[in-house]
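Here come two complexes built around chain A, the first alongside chain B, the second alongside chain C.
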Partner chain A sequence: MKVANKIFNFSTFLMAIVPAVALISIFYFVFNESLPLWRFSGFSFFTTYLWDPGFQYQPPILVHGVLAPPGAQFGLDLFLLGTISTSLLAIIIAFPISFLITINVELYLPSRIKKFMISMIELFAGIPSVVYGLWGIVVLEPILFKNVEPWMARHLSFIPGFGGEVYSGAGLVASGIILSFMIIPIITSVIVNSFDSVPKEVKEGLFSLGATRWEVGKYLTTRFSRSSMVGGTLLGLGRALGETMAVLMVSGAIVNTLPTSFYSATNTMAAAITSLLDSALTDSTRMDLAALAALAVVLMGISLGVSLVGRKIAGRGALRGYESD
Partner chain B sequence: MKVIDSYLDGGKEIRWKSLGSRRIKDRVAFALSYVVLGIMVIVLLSIFIYVLDSGASHIALKMLITTGNTATGGVLNAIVGTWELVGMGLLFSLPPSILGALYVVNSRSNGTVSMVARLFTDILTSVPSIVIGFFAFIVLVQRLNMGYSLVAGGLALAIMMLPYLMRIIEISFRNIPKEQIENAYALGADDIRVASRIYLPQAKVGMLSGTLLAVSIAAGETAQLLYSAGWNNGFASGFLHSGVGYLTYVVWNGINYPTTYSHYLAYVSAMILILSVTGLIAVSKYIGRRK
Partner chain C sequence: MEEKNKVEKIIEIGSLRVETKSKVILDGVDLNIFKNNVNTIVGPSGSGKSTLLKALNRLLDLDQSMRISGDILFEKRNVRDIDPVELRRQVGLVFQKPNPFPMSVYDNVAFGLRVQGVKLKKEDMDRLVSQALGDADLFEELGGNLKQMGTSLSGGQQQRLCIARALVLGPKVLMFDEPTSALDPIAKGKIVDLIRALKQKFTVVLVTHDMGLTRKVSDYTNLIYEGKFIAKGTGAEFFESEMEEVKEFLSEAD
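This part shows the complex of A and B:
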């Protein structure tokens, strides 16, 4: 029996380190795949926005000791800009909404339907991202294109970037809106959990001193939930940075064209990897693939960094209520 | 006039402004928060109603009983493939999650290893899905020569499900009263016995509800699968070297394909997806609540 127990304990140990092995091997193999790109492009990968796989039907040339199709050039600026701008827009939309939802369910909503309402909001996270993409293409884009964006272009043109022509509904605005739907439940649940963890006596004490509900909310926010709000927002940001399919479907997925206004089509790192991988496979030098691997490395670095900091600030288990029960 | 300058500094004397302006602020917050909540509920319902309505109005029996290529035929291959992939993902992720969680909660395990395991589990949840998909492509599909296949797709899903499952299972293990476990050890039970007689039976409900939640997430994933499971106009013919169809691919490809019928297939697939996913979430919540 002792031997059996030893074997059992060893197998639990092996399985406990599977996530670590998985993460390290993801990083190792993706980084390994990207190595030729770093030799080929060097720092210019970060300073140009052009993404050109080169002439694949001409014999490859040797650049800095690695083979690449002639004319190939890779830069991530356009995608990085798109990733950052869509995610920031998503946060700008999602944070106030999440905050007000929290205030509502914690202080104003009858407590009988509080749980139900939180479950409703959590459903936003359950909708598959392609379904968001579908809805974005068929419903949201026409509304933005016909009603919202022309109105904004007319009336807000005094703000730099808000003037200009509206080409289609696809782009930054549509991506930001859909991303905000995806992260509202994350931010909301982190803030709600932090409100819930405040000792009941604090709330009751404030009420008995004559505070209004908004004053209680303000007090709890500033005294107890500030770090959760920052952490939750960062967790949402981490999710938004890495989101792929919905953004791919509603961003316009452009390459080699910098956005000229708020309404321009855009592209993100995650969406670019997805949409460009198919054609990268035709590159016999694998340089195109290496470039996408480099994008993946940068994306993973940013997104893991943001999520880790968010988790650190919000505290482990911040998402407990949202992910388990 | 009384000022509330001190009530943020706790402990000091609390002096209120006159009730009038405070009540107005309260009313404004009340109204604003209800308006925002109302808008979000309307948005959520409109997404659901739109997807369900457009799916229901274009569904035909033929779509559900024939296979197809996202432009013609049906989506039977995608429906079957989705569950095959999710099942495969579960096969690869559930046993390691249970065993790994047992290690992490075992008080006699190495604390450093447990801590590192938990940390990496947390980090792994934040890896963007397309990065997992890219990894699956270059390593599983190309280096290990699995081709676009059920195993590659299942492993890609498993990488995503593993940290979710491990954490949910760990939490349901921790909900078990500590005394019960300590007593079992005191009576001379070994780790296998404690796991099989206490941890697993006691955490059954939590594990089931967490598994359903992980399945609902996996069923809606696309980015991992595009370059690991590939696609198949029919059914997968084996575990390796044979692509698999899945519903999310039909939604993505169908809506971008310029025929009316392909759009119909996308609507129907989206409807099936959203029904299955919310159904699974609802069941998971219901089971979890009874605990």
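This part shows the complex of A and C:
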């Protein structure tokens, strides 16, 4: 009996530390793999945008003490720019929609329909990203290419970056829209939870003093849910930064060409790792692989950081100063 | 009974029925609320007392699962024909659990006026807020410190803050839903005194299952049992009623 207890205790302990060990070891191995790149490129990895694996079938040359194919150079700016711009566009689209969904679900809909709506939103989060990507290619891109983007280019050209040619529907706009679909469920569920955590007496108190639904929504938002809204948005941002497949499918996946307008094709760090991995594995010096690992390190750092901050802010709770009674 | 006819009815409830899909909460309630009196509604928990109060200021309308029929007349007008914001201003509600908003005492009291779009000069707003806090017997106790958070007050003070918040809107009727059940005896005593004082200016509707409180303050007492209106009587009359249900309820409540 006692032995069984010990075994059980030990195995639960073992299982409990698995996530922490896994996180640290993944980070360690990826970072380890990227080491040659830091010696090879140094700080220029952050200040340039060209990504060239070099001539892999010529004898490798020694640069800063590490072997690399001749002509190789690696800069992440194009991918970093793409990651940030697609994610920001996604947030700009997703936040107002999530906010209005919350207000509507919480204050206007009958509770039965509310439950249905919330489960629909949760289902939305379960759609595989490749399905979003396919939908993006088949449905969204043609609409953007034929109808939306030419119209925008004609009528919004007075805004810098909004004029110019439209070559295809793939790019920043399609990526931002697809990403926004994927993060709306995340942001919405965080804000809905914070609304739900406001005591019923407070909501009824607001109504009984003559506040309208809109005023109650405004009040709950500004007094109770501010931190949840920021936190939920950051959690959504964390998801958008790391999303790979759907963006890979609709971004245009360009390399070595900086975007010239709002309608240009783009690429992100996550999508680039996937699409460039195949050729990187053929590089006998492993420098190409080290460069992709370095991209992964930067991506992991940014999205973990954003998610951590988001979780912390969202977890601060809606009711500070209210538990006192 | 003669004397009762001279007292003005401010709210008349006729065949009020409230139900959800699965159960009937109020099943044909008829009762009157008399002006400048303490009208008490007693009954065991779950008998529909709080639902009745929420029907009076149309807070029940917010819950679409509730089906409401019957008539409620406020000053001879059907409440369905009165704008809910206006109605809730005239028929204030104080809840069982004190529910101050997480903002300063001053802002708590001013909230109702601000949200209703009443534009006032700073001095006028200050005067109304102080007066409401004074009427709720809280102003002196706070020593003029109206900047402290409403949520940092003691339970009894929070409840009086919620009363002040309703008073500042100049209501005609003030409804209390079990206002003392969450309070200690001293805080409770203050609310009892306050209710007595308030009926000079306002009509009070009090929901409670505390018979001690009812004996102390009630002018008209109504018993509701399982959603049905059972009996009524003036203060002393009710307690001497020969009706079986009243006797049974009183013996259980005491």
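Just so it is clear, the second predicted complex is superposed on the first by the 315 of 325 C-alpha atoms of A that agree within 3 Å, B and C clash if a C-alpha of one lies under 4 Å from a C-alpha of the other, contacts with A are read in each partner's own complex, and residues count from 1 in each chain.
Going forward, a contact is a pair of C-beta atoms (placed from the backbone, for glycine too) under 8 Å apart; a residue touches a chain by one contact, two chains touch by 3 or more.
The shown structure was predicted, so the numbers you read here are calculated from the model rather than taken from an experiment.
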item	value
Chain B versus chain C as contact partner of A:Pro199, first or second or both or neither	second
Contact breadth on chain A, by residue count: chain C or chain B	B
Touching partner for A:Ile101 - first (chain B), second (chain C), both, neither	first
Partner chain in contact with A:Gly210 - chain B first, chain C second, else both or neither	both
First (chain B), second (chain C), both or neither touched by A:Phe8	first
Those residues of chain A which chain B touches in one complex and chain C touches in the other	209-212, 215, 219, 223, 320, 324-325
Residue ranges of chain A in contact with chain C within the complex	110-112, 199, 201-202, 204-212, 215, 219, 223-224, 319-322, 324-325
Interfacial residue positions of chain C with respect to chain A in the complex	54, 57, 59, 62-65, 84-86, 88-89, 92-93, 95-99, 101-103, 111-112, 115-116, 149, 151-152, 155, 158, 162, 165-166, 169
Residues of chain B that touch chain A when the two form their complex	4, 7-8, 10, 14, 16, 22-23, 25-26, 28-30, 32-34, 36-37, 40-41, 43-44, 46-47, 50-51, 54, 95-104, 106, 109-110, 113-114, 116-118, 120-135, 137-139, 143, 159, 162-164, 166-168, 171-172, 190-192, 195, 206, 209-210, 213, 216-217, 219-223, 226-227, 248, 251-252, 255-256, 266-267, 270, 273-274, 277-278, 281, 285, 288-289
Residues of chain A that touch chain B when the two form their complex	1-2, 4-5, 8-9, 11-20, 22-23, 25-26, 29-30, 33, 96-97, 100-101, 103-105, 108-109, 117, 119-121, 123-124, 126-135, 137-139, 181, 184, 209-215, 217, 219, 222-223, 238-239, 241-245, 249, 270, 273-274, 277, 289, 292-293, 296, 299-300, 303-304, 307-308, 311, 316, 320, 323-325
